[in-house]
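Several structures are given next for inspection.
Here come two complexes built around subunit A, the first alongside subunit B, the second alongside subunit C.
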Partner chain A sequence: MKKVFIDSAVSISAQNTFDTYGFLEEIKDISGKTVSANYPNYRDYIALAASRRMATAVKMGVTAASKALEKANLKQPDAIITGTGMGCIEDTEKFLNNIISNEEAFLTPTPFIQSTHNTVGAQIALGLNCKAYNNTYVHAALSFESALLDAQLLLQQDEGKHVLVGGVDELGKEIINYVRLMEDRDSSGIQVPFSEGASFFVVSSEAKEAAIQLVDMEVCSTASEEKLQENLKGFLLRNKIEPFQIDVLIAGRNGDAFDVYYDSASSFFENATELHYKHLSGEFYTASSFGLWAAYEILNRQEIPKPLIYKDESTSEINTILLYNQFKGRDHSFILLKR
Partner chain B sequence: MTELKQELKEKIIEQLNLEEFTVADIADDDALFGDGLGLDSIDALELIVMLDKDYGIQLTDPKEGQEIFKSIAVLADYIADKRAK
Partner chain C sequence: MGVAITGMGIISAIGHSVEENKTSLLASKSGIASLKHIQTKHSKLIKVGEISFSNAELTEQLQLSEDHNYTRTGLLGLFAAKASLKDANITDSSEYRTGFISATTVGGMDMTELYLKQFATDTEAQKYIQSHHAGDSTQKIADAIGITEFVTTISTACSSAANAIMLGARLIKAGKLDRVVVGGTDALSKFTINGFKTLMIQSDALCAPFDADRKGLNLGEAAAYLVLESDAVVQKEEKKVLAYLSSYGNANDAFHQTASSENGEGAFLAMQKALKMAKLNPEHIDYINAHGTATPNNDLSESNAYRRVFGNDVPDFSSTKAFTGHTLAAAGVVEAVYSVLALQEQTIFPNLNFKTAMPETGLKPITSIVKKELHHVLSNSFGFGGNCATLIFSKA
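Entry: the complex of A and B
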C-alpha cells in the first residue's frame, strides 16, 4: 500500500490562522456562548458574482480549499472530499423559517439549493471545473475523520495521487443557541464557546522533502473508557509504536464531563507533551480538523505555541504526534502523524 | 412611481444579495440581466416569487418574464398596472 503525506494545510478559525505566516502568535481570547470565525477577505479568492449566494461555510470552505491547493502547487486534485457536521445550516434555517412564515408558499430557490451538506464540495469543484471524485461525509464529530479516511484509502489504493480534503462547519443563527442552552443547564457541559471554521489539506501519495506522513487513523463510534484504552493499545501495536515514542498528544478537550476519556488516553503517554486546542478554536463537529492543522504546523515548524500546551514535557525534536478526539463520549478518533 | 422604483431596487439588492450595488448604482433603465446587473435564471425565479408574495402578481407565462424583467422602469410599470397588494 502507498504511503500518505500531507502536502499543505490551511485553516480559517476563530484565531488569526489564515492571513499570517506566524503560527498562533497573537491569540484572540474567545469567550461567551458562540464565537464566529476570523473571516478572511473573500474577494481575494471568490468572484463577487459567485460569492453573493454563498453562505458562511461555503465561503470559508472554498477559500481554505483554494489556498491549500495554492500552497501545494496543485491546480486540479484527483478527488475533493469534504466533511461537515451541520452542513449549510444558515440556509437550512432560512429555508425552514420561510416555510413556516409563508405557510409553505413563496419558497425561493437559493436557500434550498444552498442548504444541502454537499454545497461546499460542489462549489469547490465548480470553481475549479473539477469533475473528479467528489464526496461529502456527514457523520457528527467523525465527519472530517470520515473524509480523511476516504482520502487515505484512495491514495493507498492508488486511485489518485493528490486529494483535497477538509472539514467545515458554520455556526448558523438559531439551532446553535438551543444546543448552547442544553450545554449550559449544568456544569458538566461543554466549557468552550461553540464556533465554526474550515481546515483544508492536500494529501498525497508522493513524498516531498520534509514531508509529514499520515501514518494511520482509526475511528470508533462508541466506546467505554476501558474499550478506548484497548483500542488505543491496539492502534499503537498495529503501527509498531511504543507509548514513549509519541512526542506530542493532541487532545480535543472541551472541558465537559467526557474529558475523562482524554485523561484515560493521556495516562498512556507520561513522557509526551499534551496539547489542547478547543479553547482557541471553539467546539464544532469538525473542530478536529483545526487540531490536525495545528499538528501539521508543529511538525513542520518544530515549534509549539505556548497557548496550546496542556501538559509540558520538553522534547528536543517533535517527530511523532497522536491526535485523539471524541464528542460526548462518542465518535472517537485517533490520527497518527510522523515527520 | 419613483417610490416603487426605489422600493424595487432595495428589494432586489437585499433579496439577491447584490453586495456590490447600492440603490444609487442602479439606473431605472439599466438591464437587469446580461450586461446590466448580471442576474441569472435563479434570480429570475427569485423575482417571480417576489412578485407573487409582495404584489400579488402571478406570472404564468415564462416568456412574459423576459419582457417584464428588462429593467426597473419596465418592472415598476408592470407592477403599478397589475398589482393586487
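Entry: the complex of A and C
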C-alpha cells in the first residue's frame, strides 16, 4: 500500500489566509451570526467574464484549487475530488426564490445549472481541461473527509499519483439564517459565527523532501462518547502510535454542548498541545478543511500561532498532529499527520 | 471476478419491489404518466415517472412516527435500503465492517420548496430546516438500518449513484469494508421540474430515447440500493451471488457545465477505463443499458461515444428511461438493478417508444424483449458537470 503525502495546502477563509506569506499573523475578530470569507482578488485566477457568472463557492473553490496546484507545481491532477456540505446554496436559493416569487414563470436556467453540488468540481475540471476521475461528496460534516478518504484510497491503491482535493462551502443568504435561528434558540448551541471558505490540497504518493505524511484517517457516522474513545484507541493502535507521541491535537470545538466529545478525546493526550480554530474560521460543514490547512502549516513552519492555542503544553518539535472533528455528536473524523 | 452483489432493493415508477420492477420490464409496461403528488403549473405539460405511494403511505409502510422529519427523498431511500438488506438476508448490520453510500441531487428540496417561506416563523415547518442538506437522507437511512461507521453521500448529478456503487466496490477491494450498501435516492420536486423546464429538455410526450425525433426527457423519482460483499463474507455466509460488479470507470467530459461534447469524450473515456479494468474487449459486452435520456444532446453524444468504443459492432443496447423516467441521482443504481436482472433473466429489456434511427449514427436500440446469452452488461450514467461513469456487471 502506497503512502500518502500532502504536497500543498491553500485556504480561503474568514481570516487573511490566502494573499499572505504570514501564518495567521493578524487575526480578524469574528463575531455575530454569520461572517463572510475574506475574498481574494479573483482576477488573478479567473477571467473576469467567467467570474461574473460564478457564485461564491465556485469562485473560492476554483481559486483555492488553482493556487494549490501552483504551489505543488502540478499542471494536471490524476483526480479532482470535492467536498461540500451545502453545495451551491446561493444559486439554489436564487432559483428557488424565482420559482416562488414568479410563480414558476420567466425563469432563467443559469442558477439551476449552477445549483448542482458538483459545480465546483466541474468548473475546476473545465478550467484545467482535466478529463480525469472527478467526484463530489455532500455528506454534512464529513463532506471534506469523504473527499480526502477517496483521495487516500486512490493513492494507496495506485489509481493515481497526484490528487487535487478540497472542501468548500458558501454561506448563502437565506437558509443559513434559519439554521442560525434554530441554533440560537438553544443556549448550548454553536457559539461561533457560521461562515464559509475553501481549502484545497494536492495529495500525492510521491515523497518529497520534508514531506508531510497523511498517515491515516477514519470517519464514523454516529458514536457515544464511550464508543468514540474506543474508536480513538483503535485508530492509534492500528497506526502504532502511543498517545504521548501526539504533539498537537487539533479539535473542532465550536462551543456547543457536543464539545464534551473533544474533552473526552483530549483526556487521552495529557502532554499534547491542544488547538482550536473554529473561533477563527467560523463553523460550516467543511470547516475542518481549514483545520487541516492549519495543521499542514504548523508542521511545515514548526510554529503555532497563539490564537490557535486552547491548551498549551510547549513542545519544541512538532512531528505528529491528530485532528478530531465532529458535528452535533455525529460525523466524527480523525486525521493523523506526521512530518 | 469483481465484487459480489448479494442483495437489491428498489422503488420506482414501475414497482415497489425488485419483483414488481421485473414484471413491468418483461411486460414492456411503462410507469410514465401525469404528475400527481406535486402542485406545479407545468403538470399538464409534462409526463413523469412518479412513485404511486404518497408520503403518508410510505410513512405507514416504514412504521415511522407521524411527526418525523424525513423528506420524500429519505422515505424512498429507507424503503429501498431496507428491501436490499432483506434481499441479502442481513438482519444485523454490526456483524461485519459495514458501510452505507448513498447518492442524491435534490436532498431535502421537496420539503424546502414547500416550507421555505415558513421557516422563519412556523414551528411545524422548522423541523425541515435541518433536512435540506444532501447528507440528511443518508444519515437518517443509515441510523434506521443500524449502519454507524462509514457513511457518506455522493452528488455528481445524474451519475451520482454509479459513483456511489464505484466507491463501495473500491472500499471492498481495498479491504476497508466487508459489506456495503450502495445506491441512491431522488424524489421529484418542483425545483427540478422547473430547472429542466428552463433548459427546454423536458418532453411533454413519452420520452423516446435514441429516436431521431426525440423531444427530451421525462423526469422520474426512485430509490435503489445494492448490497456488495467481500469474497470472504460470501464464502463464510455461503451467500447467493446475484451478479458481479466486474469493473468501473469515472471520467470527466470537461466540455460544458450541462451539455455533453459532440464526440462523447467523457463517455468514451469512462467506458474505456471500465473495459480495461475488466480486461474485456469491446466484443465481450453483450448488452449496454444506455444512459439514453432522450434529450437531443445526450443521445447523440452517447451514440458517437459508442461508435468510438465499438466501431461498427455496437452491442445490443437499450435505455430503460422510458419505463422509469430519468431518476437523476438514482438512475445509476436503478439501471444497475436492471442490468443484474438482465443477467439473471438472460434477457434484454426494450427501449420503448423508438421509431426512427437518428441519421447521424443510424444506431437502433433493442425495442422488444430479447432472450439472449448475456455474460457482461455495461451500464452508463452521465451527468451535468461532465461527470461520466461506466459500470460493467457480469453473470454470477
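One rule holds in what follows: the second predicted complex is superposed on the first by the 339 of 339 C-alpha atoms of A that agree within 3 Å, B and C clash if a C-alpha of one lies under 4 Å from a C-alpha of the other, contacts with A are read in each partner's own complex, and residues count from 1 in each chain.
By definition in this document, contacts are C-beta pairs under 8 Å (C-beta built on N, C-alpha and C of every residue); 3 or more make two chains touch, one makes a residue touch a chain.
As the structure is a computational prediction, the values presented were derived from the model and not from experiment.
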Fit or clash - subunit C, subunit B, common subunit A: fit
Where does A:Thr108 make contact in the superposed view: on subunit B (first), on subunit C (second), on both, or on neither? both
Quick one: is A:Tyr310 in contact with subunit B, with subunit C, with both, or with neither? Answer first, second, both or neither. neither
Considering only touches as defined above, state whether A:Leu48 meets subunit B (first), subunit C (second), both or neither. first
Name the chain, either subunit B or subunit C, that contacts more residues of subunit A. C
Would you check which partner chain A:Phe268 touches, where first means subunit B only, second means subunit C only, and both and neither mean what they say? neither
By the touch definition at the top of the document, which applies to A:Phe23: first (subunit B), second (subunit C), both, or neither? neither
Can you report the least C-alpha distance between subunit B and subunit C in the superposed arrangement, rounded to whole Å? 8
Under the contact definition given at the top, report the residues of subunit A touching subunit B in one complex and subunit C in the other. 105, 107-109, 113
Contact footprint of subunit B on subunit A as seen in their complex: 48-49, 51-53, 102, 105-110, 113
Where on subunit A is subunit C touching in the complex? 80, 85-87, 92, 95-97, 99-100, 103-105, 107-109, 112-119, 121-123, 125-126, 128-140, 142-143, 146, 150, 153, 156-157, 174-175, 177-179, 181-182, 219-223, 285, 330
Would you mind writing out the residues of subunit B in touch with subunit A in their complex? 15-20, 38, 42, 45-46, 49, 52-53
Parts of subunit C lying in touch with subunit A, wherever the complex brings them together: 40-42, 100, 104-105, 107, 112-113, 116-117, 119-120, 126, 129-130, 132-136, 138-139, 142-143, 147-157, 163, 167, 170-171, 173-174, 176, 190-191, 194-195, 197-199, 250-258, 265-266, 269, 383-387
